[in-house]
Structures are given as structure tokens and as C-alpha cells.
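There are two complexes below, and they share subunit A, which is joined by subunit B in the first and by subunit C in the second.
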Partner chain A sequence: MGWLGEAGRALGHLLVVMLGTASLVFVVLRLTGDPAMMVAPPGATLDDLAAIRRELGLDHSIGVQYVEFLRKLAVGDLADSFRYRRPALEIVSERAMATVQLALVAQLLAIAVAIPLGVIAAIRRDSWLDGTLTGLATLGQSIPHFWLGLMAIVVFAVHLGWLPTSGRGGWLHLVLPAITLSSYSMASLTRLMRSSVLEVLGSDYIRTARAKGLGAGLVLFKHALKNAMIPVVTLTGLQLGVLLSGAVIVETVFAWPGVGRLIIEAIHTRDYPLVQAGVVLMALLFVVVNQGVDLCYRWLDPRMAGRRG
Partner chain B sequence: MRPSRLKRLTLLGALVLGAWLGAAAAVPAAELVAAKGTDVTSFDPGINPTPDAQQIITMIYDTLIQRDDNMQLKPGLAVSWRNVDPLTWQIKLRSGVKFHNGEPFDARSVKFTLERLSTPGDKAGGHVMFSSFGGIERVDTPDPLTVTIRTKRPDPVLPARLAQTFGAQMIPAEYTAKVGFPGLAKNPVGTGPYKLGQWLKDDRTILEANKDYWGGAPAIERVVWRVIPDDLARVSALQAGEVHVIVRVPPDQVPTIEKRGGLRVERVLGNVTNVFTVCGIKKDTGPLADKRMRQAVAYAIDQKSLIDNLFRGLAAPLGQGAPSTDFGFNPAIKPYPHDPAKAKALLSEVGYKGEEVLVRSASGYIVNDVAIVNATTEMLRKVGINARAEIVDIQTRLEMIKNGNVTGLLLINPQGTNFDTDGVVWRLMGPGGILAVHWKGSDPDQEFARLMEEARYTVDQKKRQQNYYRAAEIFADELPWIPVFQDVATFGISTKVKNFKPRPDWLVLPQRLGL
Partner chain C sequence: MSHVDVSAPAGPAAVPTTFAAETAPRSRRRRLTFKPAFGMVVGAALLLATLFPGQIAPSSPTDQRLAERLRPPAWMDGGTTGHLLGTDSLGRDVCSRVIYGARTTFLVALVSSLIGGIGGTGLGLLAGYHGGVLDELVRKLVDMQLAFPYLLLAISAMAVAGRSLPILIVVLALSSWPAFARIVRGEVMSLRERQFIEGARAIGCDDRRILLAHVLPGVSASLCVVWSFDLARIVVLESSLSFLGLGVQPPTPSWGMDLSESRQFLQIAYWTVLFPGLAISLVVLAANLVGDWVRDVLDPIVKRNRAAA
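So, the complex of A and B:
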């Protein structure tokens, strides 16, 4: 398949995913409740609610609303948010940077820590160091974010006063949320890296490399690591997708103005267009990241270039 | 390695770091940082229905009439107001007031604002305040500092409506005509003590003092309102000294704050009530249709225990529909005491046969809602009522509110917009109200309805008060809602902040504070 064909295929894939996601969200949201109540002030009468419904275009049947939704979607219009009364896509885009920043920093941090730790744990297999690292990794995977986040705030911001408690400002504001958010990825990546390195180190070509007299370092860095990285790249891609689709809890605990929090609030207030726009954008990011992972495979293992998984 | 280069790099790094830290530290001498749970969604006063949003709107815009710290009406942009006849109000305006952009505030601004609010929202920039202002028929401007408002029917609540922070703020006619309501929503121009500096949505809103404010230049030159949704994180920010004021202190955090030097918790009775509305009793069906059963429920509920155990004492028992902050609250009516023996006696008097009574609530909609429902269910079971707790989703809750065929108790938290019994009890139970289907008292031929309707359309405040006192007696006897408690407004605050007064409307007015 030519380069162009492949790009076209990827694009088609993207469109199908987006349309499916948008339609699913559209239908499910309309089963969840009446947004008029959320937009109205306390004490609104039934007439007021009816007027608000009319204004928001909710007085038509779901079918009519869906056709209207598709018609607008075709020209890239995801409608106005009910509460903000501004284009929903604009509101989500304004917030996307905060989420991308936090997700990328957290994921880079996770990779930077997990890969060396995983390798060390593998080389020193069954030593006390390996035991400690594996133990920490299990802990990191099992501690919930909200607890870790609140403890971090209490210790580092309130008692020690080293870092701000919450909000988005300079780089210092990123430290606690990024570490909290990275804890799970870091832990699972460390464990995966460890087992992956162990597996590769036990394979035939490594034995061959050793047999021809290469030093341990050269074997590890030149031969083993690249292959051991393949599952790690897969996991990193998946994790990044999840992080980008909104670290709701971390964003809430640290008052980080990201998309996850936005979508959750929009769900609570039945702000249909905002939820739709948020989910569509997240689906887009998810697909793009997955395509990126595909590209990485080809670099790591040229044999995959011809195949599609 | 060239040492000179390394040195230069280090120096550069230090400079950059220093500049950055320095920039972060460069704030005006009088800057107040405050935090609340949710953000404003638009700067158009007409479309922000939440109290947290009104906090920001109130700083940028003014209402004609304001409320003092005890919620009594006082002059704002209007200096006086009176009834010319039951249908006509004459309002005299403050002279020399200017909007932030220099546009003069005068009768034209008032006419423009009120005509907008009395037009259905879908035809006037999507505002949601028609329920409050739809009764206005005409606004005339005999001279630039006088406005006469003619209402379709006599409206005694009009001054309170003009004081409500939900949407009654005056907007500039000329500017809004030029930029449209969306333009105003983005770049607000009011007459208020602060101007919008910068809005970083869901992070912070920065407001700069309006040095030409008609009430005097605020001592606090800049206010930063941060949005911190998590209760504990908000308390932490206060403890770490990052913010001076937080709105809504979770009850369990009050001791933590009070123990720490330099911080205190301010509290005052708020205007939000928590009640179990009794569904579906109009048709005389279900176990709760007999008022003695409802009284038994009221005697069975231990309000004090709920308040002490779930809210650390930060709430007050309630015995009627309106909260104590509202006009028409009858101080002679005491809450039902906790009296299980009385409850049991009433049950046997009625001949209760153990029909199931559902105690319902949504989850996470009202503070401690699930805990309140579970505790209440236990209390009812203790006196022999076959109660069962049921947590419903918000949509089911809404259907129940509107549907007169559902029976049982449903936890709701009515809140008025204008500190008047009309704005809480009758707005919900009166004609067109969302709770009008459940209880006979809402029907026009009933004494309760007659009293409430008469009070709604009588400008004589004494007469109105008498009506509300009597209606409150009927309410307390009939119990269409079982009152549970009235909220307390709480603020965590640094002792550096001077002149702070907690208000029942939850507003923080930085123009009156010092640091």
C-alpha cells in the first residue's frame, strides 16, 4: 500500500471513530436528564423551564435534534455550550493546553524514572534493590490519586511550604499534580520494563552477543534495550491517551483547569454540547496518539512497517 | 571544559530564575486572594444562575437596591424608591455614576436593563431571569435620574427583585447595543467597585479596583478569585497562606482551621433550607396523605442529631417553609421537637398499618444528602414507620418533583432569590411552581393559597407579613414539606483581613475589606 493510501486509510479510520463517538455521546447524554433545570436560577417556574428548553433547542424530538447535530458537525460546528453560551469547541480548546501540558509532563516523568528503574531491577534481579523497586511499583499502582494528591498537598504545600497547594501558574505549580498523575504510569512502566528486559536478556540473540565477547553494557544498551522497549512504547501510548482524555481526579484535587474537570462539570450540569465537544476532541487526541505509537513501532522494529496491527 | 562559559551559564540561569521568582512576587500591596468551588460561566449578569458566579458579577456590576449585612434593603444605584400607586414604582437614581468605560449611568441604563429582563430570555440574549422580572409592564424615564416602573399586577416584591444578585445588575445601554450581549458577556462593563482584569477560566479571575467607584475607591486594589473545586484542597490553600478567604468550609474542617494561628472561621445563618418534600399527597393516597402521619415523621426526626453529627453543629433546626433570613418567617413557630413517643402515639391514632414510606434523594446533589436520607430512614424506623431509603439519579428526582402520582419523601434544598417567603415557598408551590402538584394547599380554593396569592399582590408590607405568619402556621400544621434544617454560611479567613462580615447570601464584598 502506498504512503498516500495509508494516510487516507488512517484519516477514514479517524472519521469513523469520531462520528461514532459523537453519535454515541449524543444519544446517551439525552437519556440522562433535563439541562433546563441546571441553567435556570433557583425558583424558576415550569413556564420558565419550558422557555429555556425552547431556547436551547431541546423542545424538538431526539431525531430532529440529531439531524441538526449532524448538519452542524459536518461543518465543524459543535454548537454553543448551554451554560457558557459560547461555542463549545472554543471552550474545550482553551482548556486543552492545560491538560496536554500536565499529561505530557507526567508521562515524560514516568518514562524518565521508570525506564532506568526497570532496567536496574532487571539487572539486579532478585536482589534487595529489585525487591524494593518492585514493592514501590506495586504501591504506586495501588495508591489512589486523590489520596496521594491530598497527602502531597498537606505535606509539601501546607507543612513544608515548598510548593503551591493548587492552581496553574509557574512550573512549581506543575510539580505536585505531575508527580501524582505519573505515579500509576511510572509504577506500571517500571514493572513492564523489568519483565521486558528480563525476557529479552534471556533470548538467543543476546546469548549470541555475549558469546561473541561483547561487554555487559554494550549488550544491554546496543542489543537488548531497543527490543525491550516495544511493549513499553505500546503501554506508554495507551497511558498517554488515557492521561490526555482527562485526569479528572488530579485536575480536581489540584484545581488544574483542564479538560477532564471541564467534561465532568459539563456532565453534572447537563451541558450537552460541551460534553460532546470535549469527548470528540479527546477521541481525536486518542486516535492521533495511537497513530504516533504505530510510527514508533516502525522505527523500533522495521519488520512492522509492512504490517498493520 | 571552559570554566568561563559554565560560569556565564550559571549566572544566566540564576538571573532567569531570579527574574521569574521576582515576577511572581511582584503584586500590589493590597491584593486579596480568595477561593470558591466553581467558576463564573459568563460575565452577562442575566445568565449566571449560581451563587459562586454571582460573587464575581456582584463585584463588577451594581444593583439599584442593595442589601446590608443583615439582608435589609438599602440604596445602591437608586437613592430612593416608593409606590406611587399599587401598580407604579418611582425610583430616584444616584447622580454622577459612570460605567467603567465612561458611559454615564442614568434612567436609560435602567430602562434598557429592565426591558431586557422582562422580555423572555430567548428574545433577549438568552437571560434566565424572566421569572423574576416578567411582571414588569412598562418602564418610563420622565427625567435622567427618575424611573417609573409599571407592573402588570401589584408587586410588593419588586424592590427585593431589584436587589437580587441573580441577574438584577444594571448593564450599560449604549455599550451593550454596540457589542451585543455576547460582547458584554466577554468584556463586562459595569458600575461596580471592581473591573475585570483577566479571566483564566476555572483557574482564576483577576479584578482590579475601580478608583472612581461611586461608593469610594476600594482599599483592596486587586482581588484574585481562584477556583478550587476540592473542599480539602481549598482548606489547604488557606492553611498554606496562599489565599486569604475561602467560601464554604466543609464542617469537618472547621476545627482544623480554628486550631491554626492566623485563621478563623466566620459563620452566619444562610438562606438555604433542607427539607423533605412530601410527594403525591393531593390525591389522598399513600400513607402520608394524613397530616398526622407527616407530623409523626416530623416528631421522629432528630434535627439536632443530624445537625451535630453530620454538620458539626453548622446548621439550625427549622420548623417552617421559609428560612429565618426571609421576609414572612414567623418567629413564633418552633421546630418540631424530637419526640418518638408522640410520633408513636400519632401512628396508632391514624391506624398506620406499616405501608412502606420511601425516603429519597439524589446522591451528591446536596451536602451529605445520602447520609441525611440514611439517618432519617433509621429515625423513622425506630418509631415504627416502615421507611426505606432510596437513592435516585437526578433525572428521576426531577420527574418525582414534577409528577403528582409519586409518593414518599424527597430531600430538596429550596432557596429563594429575594429573601421573601414569596420567592421560596410560593414560587415552588404556587401557580406554575415546580412543586405545585403535590399538596392541596396549592389549589386556589384553599386558605393557604389565598393567603399566599394575596400577599404576592399586595403592596402593604404589614398585611403581607400577617398573611405569611398565618400561612406559616398552616404550613407547620399541614407539613407539605418536613423541614429538616437551615444551612449556615461558612467562610475560612485569614486574620490579616479586616472588617469581614459573613453574609447570609454568601457574598464576599472586597470593597469593604482591608488588609
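So, the complex of A and C:
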């Protein structure tokens, strides 16, 4: 398959996932409740309610509503938010940057810390250092985001007063949320990097490189690391879902004005269009980055070209 | 992910090397060391608290004494031995709530992972054994769901369907089937080519008998590993949903919900948040540690099954 075919396949995959997600969100959200009741002012009469339903397009059958929803989605026109009375996609897009910033910084932090730590743990295998790092990594995988975040607020914001407790502002506001969000990815990446380096170091081509007299450093950095990175790139892609799920929690804990927090707020006010727009945008973000990781993966490992992992 | 996490180098043991990595003894990872022992102690404590909360807890978890609200733990100024871990905003004993919360966490996690595990194992068996369209479908679904931010779907479903225990269990069970299906499918695909399966078919066993009596025992080792990691994951998901206000309903004591209710008192009464979260983290850590240990112990069996294909 040429790269054009690849790109076409990726685009098709993207469309299928988007459509599936959008449909699922639509079905789940329409199962209950009357959105007209939520936007109606107190003391509204039945006629007022009917008028609101007409305005929101809720007087049509569910099938008609669904087709209408898809048609509008195709041209990027999602319904207006019930609460804010303006296009839901607009509101979500305004918040998207905050989520992307948080997720990006967290993932970069995780990679920057995990790769060196994983390599150190691997080359000092079974030493006290390895034991400590592996133990810390298991701990990092076990502590839920919300509790880590709350405890970080108690210690660093309330008790020590070094950092702000919540909200978005300068770089200082980013420190606690980013570290909290990165904890899980950092821990799993460290563990994976460790086992990946160990596996590569045991392979035949590394033995050959050593046999012809190359130094340990050269073997490690020039020969071993590139191959050891392959599973790490895969996991980075797989972790995106965890990262976005985590972002919903971390944004709630730190009052970070991102899409995740917006979705939670919208759920509590039954603002369906806003929830739809939020989840669809998150899904789009997810699929696009996932495809990007896929391409990265093929570039790193030409053996995988034309094959699905 | 499951394949790359295996931390044993593949090369022969006697390679001369400059790295400490390959000369270290390997036998000690088989023994029951501190980590899995710790995990089992926590597991035993969880089981005790689930079975006999009334005998262990100092008082009732729902007993409200507003006069004694937000009392600090016994070792701090103003604490009393009557409330070892202090009281929450309604004057309920934190220690008792943590002990009673164990039952909710444990039973919800157990039931959900059993439902999800049985479903996922069944689908994995059928997909791996028969192949074809079903296999393709299962693989696609697994890949999509494993990577997608499931918390988003769980949040939408809980928000719409309402907070109830059966719905929570369904949502959690739906989150756990892919991990089982993926592992079982992979192992069945290699097992089905083995001679003893061919033999069973030759003496006239039907598919059902082959799958249940000959294939299933072969994948049971891997199931143990997946199951313990899945328990850890479900505990985190359940407490995350409860934290967002979308989990079990009050007055059922739940660690995630306690955390969420006490959040607003974080700055003046951190113990109301510290202890429920500590309990969650300990349980998740314990399940992860036991899972790691079981995997290391069973590793040769899993490898032999895969290699013999």
C-alpha cells in the first residue's frame, strides 16, 4: 500500500470512530430527561415548554433528531448549548486549549522522566536503585489521580503555600495538575522502558555489537535505545485514553478550565449539546493523535510497514 | 502491552557482559518476597473488613453527631481516642466509614470483574478458536475500547441512567471485558494448533467440550494475572466515578464518595480526605503487587504455551 492508501485508510478509520462515538453519545444522552425543562424559566407554562421544544428541535421523533444531528455534525455545526445559548462547539473549542496544554505538558513530563529512569533501572537491574524505582513505579500506578491531586493541594498549596491551589494562570498553576496527571503514565512508561531495555540488551545483535568490542555506552545509546523505544511509542499512543480520562478528573480537582471539567458541569445541568460537543471533540483529539502515533511507529520500525500492530 | 512487559532477557545466560543487568541472580523473583506478602496482608484485611465490619469498626458508619464534627485524629490536638481517625463534616467516625467502605469497594469490584471476566473470556475463547468474522469483530472492538477514554462513556452513562448499584456494576463490567478477551484470544490461537486439541477432536469431542475442558484450563494461568490487574483498575474506576458524584448512592459508605463529600473541607480537615484515599491506594497497590507476583511465577507456563504454537 502506498502512502496515499495509508492516509485514506487512516481517514476512513477516523470517520468510523467519530461516527460511532457521536452516535453512542447521542443515544446515551437522549435516554432520559426532558431538556426543555432544564432551560425553561421557573413558572413557565405548558405553552412556553412547547415553544422551547420547538426551538430546540425536540418536538421531532428521535430518528429525525438523530439524522439532523449527524447532518449538522458533518458540517461542524453542533447545536447551541442550552445553558449558554450559543454554539456548543464554540464553547468547547475555547476550553480545548487548556486541556491540550495540560495533557501535553503531562505527557512530555512523563516521557522526560520515565525514559532515563527506565534505562537506569534496567542497567542496574536487581540493585537497590532498581528496587526503589520499580517500587515507586508500582506506587505511581496505584494511586488514583484525584487523591494524589488533593493530597498535593494539602501539602504544597495549603501547608507549604508554594503553589496555587487551583485555577489557570501562570506556569505555577500548571505545576500541580501536570505532575498529578503525569503520575500514571510516568509510572507505566518507566516500567515498560525498563523491561524493554532489558529485552533488547539480551538480543543477538547487541551480543554481536559487544563481541566486536564496542563500548558499553555506545552499545546502549547507539544500538539498544532505538529498538527499546518502540514499545514505549506504542504505549504512549495507548495511554492517550488514560490521559484524557485522567484530565477529566484532574481538571475537576484543580478547577482547571478544560473540556473535561466542562463536560462534568454540563452533565450536572443536563446541557446535552455541550456534553455531545465535548465528548465528540475529545474523541476527535484522541483519534487524530492515535493516528499520529501510528505513523511515528512505522517510521521507527520499518518492519511494521504495511502490517497492522 | 502484556507481551512487552515481560522483563526477562531472551538471550542465553552465559553471555559475558559489562552490564550488571545480566549477571544478577534470577531465582529470587520466584520466592514470596516482601511485595506480594504485603499485597496479601492488605487483601486479607480487606476481606476481614468486608465480612465483619461490625466487629472491627469502633462505631456505626452512619451515626451523625454534629457536635463532634471535623474532630482531628486521636494523635492531634483536640483529637479523642473515641474517634481514632477523626470525624467528618457530619460528625461521622472516619475510621468506621473506611472499614464499612471496604465492603462496597470489594463487592462492587468483585461482581463487576467476574461478569466482565466471564464475558470477555467467553468471547476470547470463541474468537480465538473459530477465527473468521467473529474474531475480526472482537479484535476491533477490543482495540477501540482499550484505547478510548472509557471514563467519558462511563460518566455519560451514569449521568443519564442515574446513580444505582446495578447500573454501576454494568458500566464497570463493560469496562473490563476487553482485557480478558484479548489475552484469552491470543492464547487460544496458539493452543488450538497443539496436538492434544487435535487428539480431543479425533476422539470425537465437540467444540464446547474442547473449549471448556481442554482449552480453558490452558488459559487459566493468564486469567489469574489479568484478573488481579483488572480488580485494581475497577477499584480506581469505581472510586473515580464516586468522586465525580456518579457512583454509589448515599448512605452506602464508599471511599470515593466520602472523598468527594469531604473535598470542600480539605483545607481545614485533611484527614477526611486522607484516609479514604489511602484505603483506595492500598487496595489498588495490593492488587497490582499480587498481580506482578503471579505473573512472574506463572511466566514460564505462559511462555511455553505461546512458544509451542
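The rule we apply is simple: the second predicted complex is superposed on the first by the 281 of 309 C-alpha atoms of A that agree within 3 Å, B and C clash if a C-alpha of one lies under 4 Å from a C-alpha of the other, contacts with A are read in each partner's own complex, and residues count from 1 in each chain.
Going forward, a contact is a pair of C-beta atoms (placed from the backbone, for glycine too) under 8 Å apart; a residue touches a chain by one contact, two chains touch by 3 or more.
The structure presented is a predicted model; accordingly, all values stated were derived computationally and were not measured.
*Asks:* Mind working out whether A:T252 is in touch with subunit B, subunit C, both or neither, as first, second, both or neither?
*Replies:* A:T252 contacts both subunit B and subunit C.
*Asks:* Of the two partners subunit B and subunit C, indicate the one touching more residues belonging to subunit A.
*Replies:* C
*Asks:* Please work out whether A:Y84 is in contact with subunit B alone, subunit C alone, both, or neither, and reply first, second, both or neither.
*Replies:* First partner only.
*Asks:* In the superposed arrangement, does A:H223 touch subunit B (first), subunit C (second), both or neither?
*Replies:* neither
*Asks:* With the two complexes superposed on chain A, say which partner A:S166 touches: subunit B (first), subunit C (second), both, or neither.
*Replies:* Only subunit B; A:S166 stays clear of subunit C.
*Asks:* If we overlay the two complexes on their shared chain A, which of subunit B and subunit C does A:I52 touch? Say first, second, both or neither.
*Replies:* A:I52 contacts subunit B only, not subunit C.
*Asks:* Touch check for A:R261: first (subunit B), second (subunit C), both, or neither?
*Replies:* first
*Asks:* Let me test your reading of the model: by the given contact rule, A:A44 touches which partner, first (subunit B), second (subunit C), both or neither?
*Replies:* first
*Asks:* Please report the subunit A residues shared by its interface with subunit B and its interface with subunit C.
*Replies:* Looking at subunit A, the two contact sets intersect at 32-33, 150, 153-154, 158, 165, 252.
*Asks:* State the interface residues of subunit C toward subunit A in the complex, per the touch definition above.
*Replies:* So the residues of subunit C in touch with subunit A come to 1, 4-11, 15-22, 24-25, 28, 35, 144, 146-153, 155-157, 159-162, 232, 236, 239-240, 243-246, 259, 263, 266-267, 270, 273-274, 277-278, 280-281, 284-285, 288-289, 292.
*Asks:* List the residues on subunit B that touch subunit A in their complex, please.
*Replies:* 20, 24, 38, 41-42, 44, 47, 49, 120-122, 126, 128-132, 166-167, 182, 185, 200-204, 226-230, 232-233, 236-237, 239-242, 393-395, 398, 402, 414-417, 423-424, 427-428, 432-434
*Asks:* Quick check on the complex: what are the subunit A residues that touch subunit B?
*Replies:* 32-34, 37, 39-49, 51-52, 54-55, 81, 83-86, 91, 94-95, 98, 150, 153-154, 157-158, 161, 164-170, 252-255, 257, 261-262, 265
*Asks:* Spell out the part of subunit A that touches subunit C in their complex, as residue ranges.
*Replies:* Interface residues on subunit A, with respect to subunit C: 17, 20-21, 24-25, 28-29, 31-33, 122-127, 135, 138-139, 141-147, 150-151, 153-154, 158, 165, 191-192, 194-196, 198-199, 201-204, 207, 210, 216, 231, 234-235, 237-238, 240-245, 248-249, 252, 263-264, 267-268, 275, 279, 282-283, 286, 290.
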